[in-house]
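Naming follows writing order (A, B, C and D), and every chain is counted from residue 1.
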Amino acid sequence: MRDWNALSDEAFRLAARDFIEAHCPAHLRRGEEHVRWAQSKDWYHAMAAHGWLAPGWPVEHGGMALKPAKHLIYLEEWARAGISRVMEQGVLNVGPVLLAHGTPDQIAHYLPRILSGEDLWCQGFSEPGAGSDLAGLRTEARIEGDTFVINGHKIWTSGAVDANHIFVLARTDKTVKKQAGISFILVDMNQPGVTVKPIVTVNGDAEFAEVFLDNVRAPVANLVGGLNNGWRVAQSLLGFERVWAGSPHMGRQAMDRMVRVARLAGRDRDPAIVDRIAQLQLDLADNSEMYERLAQEIRAGHSFGFEVSTLKIVATETYARITELTLEIAGEQGGLAGEAPFADGPLVLGKADLLRDYLTARAPMIYGGTVQIHRNILAKRVLGLPA
Amino acid sequence: MRDWNALSDEAFRLAARDFIEAHCPAHLRRGEEHVRWAQSKDWYHAMAAHGWLAPGWPVEHGGMALKPAKHLIYLEEWARAGISRVMEQGVLNVGPVLLAHGTPDQIAHYLPRILSGEDLWCQGFSEPGAGSDLAGLRTEARIEGDTFVINGHKIWTSGAVDANHIFVLARTDKTVKKQAGISFILVDMNQPGVTVKPIVTVNGDAEFAEVFLDNVRAPVANLVGGLNNGWRVAQSLLGFERVWAGSPHMGRQAMDRMVRVARLAGRDRDPAIVDRIAQLQLDLADNSEMYERLAQEIRAGHSFGFEVSTLKIVATETYARITELTLEIAGEQGGLAGEAPFADGPLVLGKADLLRDYLTARAPMIYGGTVQIHRNILAKRVLGLPA
Amino acid sequence: MATENDIVAELAASAQRVVADGPGPTGARSRRSQLPGYDPSSLGLLTDLGWLGILVPEEDGGIGLGLPEMAAVVRELEKGLMGEPLLPYAVLGARVLVHGDGPARAALLAQVPAGECLAALALDFNGALPAVTAVPADGGWRLSGQAGSVVGGVSATHLLVPAQAPDGVRLFAVPANSPGVTKAHLWRADDTPLGQVALAEVVVGNGEVLATPAAAETAVARALDETRIVVAAGLLGLSEHMLAMTLVYMGVRKQYGQLIGSFQALQHKAVDLYIDKERAAAALQFGLATGGDPATLPLAAVRAKGRCSDTACRVARDSIQLHGAIGFTDEHDLGLYVKRALTLSAWLGNAGEQRRRFIDMGWALA
Amino acid sequence: MATENDIVAELAASAQRVVADGPGPTGARSRRSQLPGYDPSSLGLLTDLGWLGILVPEEDGGIGLGLPEMAAVVRELEKGLMGEPLLPYAVLGARVLVHGDGPARAALLAQVPAGECLAALALDFNGALPAVTAVPADGGWRLSGQAGSVVGGVSATHLLVPAQAPDGVRLFAVPANSPGVTKAHLWRADDTPLGQVALAEVVVGNGEVLATPAAAETAVARALDETRIVVAAGLLGLSEHMLAMTLVYMGVRKQYGQLIGSFQALQHKAVDLYIDKERAAAALQFGLATGGDPATLPLAAVRAKGRCSDTACRVARDSIQLHGAIGFTDEHDLGLYVKRALTLSAWLGNAGEQRRRFIDMGWALA
């Protein structure tokens, strides 16, 4: 196994790019952001075979042991190549959480099965009544002998349709205050009582599902990080995703499309439109600069704090504004679903279209905490404003 | 005395315009918004002499008995002619409040002295700790025999430097909840204990003052509308001002200046700037339309409600945004105080200048309740959102 | 005698009843990506109510009301996602017919109120006249070319085709089943069809001339502006409905143990939508007040369509945000309204396009 | 050995001490509409600290540091409204001298660190070269014309005058007391003077040529961009200070029995200012990271100056709003910072002007 961290950032970037070019199939490039397992599994296995599947895991467990800075570079190269996301919860979350909080048995059992693609994981956190207020969750797990019996209703579970395992946050003590009585439990979905109901989103994606848990069972040995300690376990796992949420990669792709739309619609010669594009380019450039600063901090080994909330707000709102101006620039064609015909030729965006881009850009301002929640966090934790 | 209400709106508008053209001195036209009494008193007496001073008062008290629609037209003609405001509290507020809530003696005593200019009034409402939260006021009036003894500290008192009378809201019962224990009292300022300290504002105006009341005395006969009933009296008086606060007249003047600045700076040929001016023109036009709709309601004899909050927000924020774009258009000259020299000639705005306009436009979003307070009102009273 | 305001109020009330009894969002959902893009039984009901003839003069067999009446109807119908059949046929198509000066005018117009003539104007994108030529051919004309944006074109009985003739632009009323006419369609954001029409040597008689070069371009331009004002009313109705949905949701959804409608930052966001909606209503009122006069019609249309497009898009966006994740599901009706708002705001020129027209009219620096 | 970051941090700390010990807003208040527009004793202190020579190369007698160091100093000094003497003389004037290639360069540059040469660049508004001509005259030149925007011009010892000579633009270092030089001034928003200079047949020798046509325009352009970056740092300092004042006020002012800082809508407003400030800091960092390279300098300056101007204006406006009426009094110090922000954001091109440059550089559609 190579020591990836010994490479310069640039050399590593090129290595990642080479690997992607050589192995990622065309149908996963610049298509839908989320695809089904049947379409992505060859690529998943190829990554596993070449040691590119688990960037954050230690080498002894089959990972690349990438430091965060290198990991971000790898993600950036995925974004650059426009690769659809694969079943990533096992690699991104289950592996790290078990390595940090799991038992040796859990690690030995689950990690190889993630690499092999035998176990496909999804994340059971959000509930219909517990979105931004995750600690308000109501799924319960009671202990009967050596078994958890779990009842509840999870929602916005990405990949649940293909997954065969789910890690859930469930309430194991109702007598204490919200965050205190929650446990983190690994659950096999191949059992009676697990019902998966797909959610179609407004932009046509079928990435998400609801998961109903009706007297579902899991051995007590599947508890991770101790009873009633699930909140802390979950917090440790949300960190890295939040950094990536502040990256300008979505905004950049949207900007590329906007410039193409402006050209096709002949508005690249309209100074009023160019002026507004210029402002968004400047906004995006500053988003990049802010992201780079945080990446540098991470590279320097510093931990990151509430600045990820700032970055999340900047990145998601900039991205959304770009898609809004794009629709305006598109003119009447901005009112179409599907491919948009322009006088200078059609806008070919793979399976994406203007409407879908616009709608898709709404979601990042909501998931992972709405931009309003992140403003609350900043007001309290960074600005120190009174409650 | 003519029956002004019998005229058509257009005929009345022309009559008002003729009167203004004939009698309003040049030094009060398109100069500062507020001037001292010494500069305005001739015009005040001229209005009184010709019966144009008290538009809202009944004819038998020397007024014009204008209905609100005609009154608005008169105000619009003042705005159109760019006339500085005069000592208006007596005419606008004291007269109407006494006619509605005053005793026959109060009416007989005070109204003629307002028309003659002998009594010049100012309004003692706001306090340092009671701005948007007016009901939080702390000025106290205790009764000693047939006399109120008043102690407190008023602020943002317009015209206090020239006034010789002040009407104050003072707390007369501290045992009840905020609004309930307040009285409305007429106070002669020519007595020991009254101290007026001018406030200079950031835009250089000296319109306002603080008024300190230190054991100041007023006969109990100067109570208006009953003991502890002052809140209701004051509310009745704030109505008409709030309608005028939603008028587009400030925005229109600012727009005129913006267009002149754009021409002088050569930016009237910059399509990116013209596009932004166009949006503000449309905003202003819609502000006008909203104002007209309310004026029509008033003309039709309907009472008005919380829609004045909507209008206030639209009018003040539109006005402010116009001054912001004006500074941007002005370029480096937008960083000057005083007259701005442009290649195509200086911008002559009388005593106004770009900086002052910009700063002046901040105030209407604060006084009379901040735009945030008006949003609270709309959320609660119009949208019915929960507390 | 009923005053004009009474009639407007009565029509609005009737339209509210039609919406209450109608298929509403469920119907719209079931019609997605289906032809003809509207509910045929609703079209029958609207015909029975006489609303197809609202904008047809009495002397031409209609009920001869004006834009305010049609706007009131469409504003309400859009709250039930039921405005579609009226907009292309009873507004745009009908008004083009009204403004015609050719022999085809009278007979077709007379068929509009009964729904026998569903006339769709053949345009290219962004209100451009289509690339169609008309060549004189023994006693008539031969039309060739294509029109890329023909709302209602899929199920029209007649296509109103502006074509470049040797003596200028003429407007023809072409029966949709004429030999040489080919129809295709794209899908709009709300999953209703946008017709695309090709004409290959289509033979039409002189009797099918709807407007001569003296009137054709003006007829189209006026009908477009009139339609913009009615569409603006539809956009206002959508804005009102989305805001109402949002306020209801804010009054029931709890997070952190409180109704989300009690959070001040969200309250102010909702208030800003309310203010925008009030402003859009004022712009529409301006549009309707001056819409009759050809001289002021363009400004009226620019202001109403621009503001209402802008407002509907903003209300749509922020309604999704205020609903949170639930508003992002396909299952929730909000998305249907959002997509309808995107469709109508883009049609006949979005806010940016209207602002450009405003500038071109010389108003920006006036 | 001290790293570059250590030096920047140390200079920032020193500047904070200078501000803490300095006359601050009270001093700025007392200087309003007074010449020279800065505190002469502060100038002495800054000279003693060596800061006038920060941007003068070591070989020319300065301490040869870079834009990051000067930016750190100015960012802190502006929090005490004390940045003024450095900006025209130790930044703009000094950098023009550095980039000169003429005989006047060395001697003048050597006098900058000690404050013996206070050189002000003569410009017209919006960074335009002034309308000044240079006519050859026995062994030297005669300069005539005027410069409408000369920051620091009132108290400069030397005016750096770009003039149109027969062979191109030359840059002259004209002693401010030369016969034929007339000085006047306007007042800037912060009540500091803006010099206006007229030259009537001013005779200068060849030894006073600071830059030949080969270097003159580039020298001015580079110095302007370098100064823009330092001014951006000043604007960031002002933004930081206004936001800090606002947060303090929100933590003490009560309305309706509550601290106004507890109202969520105001919290979010403050958060948006914080976010803007963070973004401005990133843009400045970008500007400083690439500021040394002439090829990337224009983009660095455009981004830093544009963003920091925009942010400072917004923080200024919203700070007034969040302070309410008290922020509108002349007595409150906030107004001094607001006016300073307006002054510096307009100087050398506001956000709109920088955006135009960005477009002209071809970046908008890149």
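A few notes on this one:
Just so we're on the same page, a residue touches a chain if its C-beta (ideal position, glycine included) is under 8 Å from a C-beta of that chain, and two chains touch if they have at least 3 such contacts.
Just so we're on the same page, UniProt names per chain: A, B, C, D = Acyl-CoA dehydrogenase.
Quick caveat, the model's predicted, so the values are computed rather than measured.
Distance between Cα centroids is largest for the pairing of chain C with D.
More C-beta pairs in contact connect the chains of B-D than those of the other pair, out of A-D and B-D. The centroid of the Cα atoms in chain A and the matching centroid in chain B are 54 Å apart. Centre-to-centre, using mean CA coordinates, chain A is 44 Å away from chain D. Centroids of chain B and chain D (each the mean of its C-alpha atoms) stand 40 Å apart.
Listed for chain D are residues 263-265, 267-268, 356, each touching two or more other chains. In chain A, the residues that reach two or more other chains under the touch definition are 271-272, 274-275, 372, 375. Residues of chain D touching chain C in their complex: 263-265, 267-268. Across the interface of their complex, chain B is touched by residues 270-272, 274-275 of chain A. Interface residues of chain B facing chain C in the complex, by the touch rule stated above, are 259, 262-263, 268, 271, 274-275, 277-279, 281-282, 285-287, 289-290, 293, 307, 310, 313-314, 372, 375-376, 378-379, 382-387. Residues 247, 250-251, 259, 261-262, 264, 267-268, 270-272, 274-275, 278-279, 282-283, 285-286, 303, 306-307, 355-356, 358-359, 363-366 of chain D touch chain A in their complex.
Listed in rising order, the residues of chain D touching chain B in the complex are 125-127, 148-149, 186-189, 191, 194, 254-257, 263, 265-266, 313, 317, 320-321, 324-325, 327-332, 334-335, 338-339, 342-353, 356.
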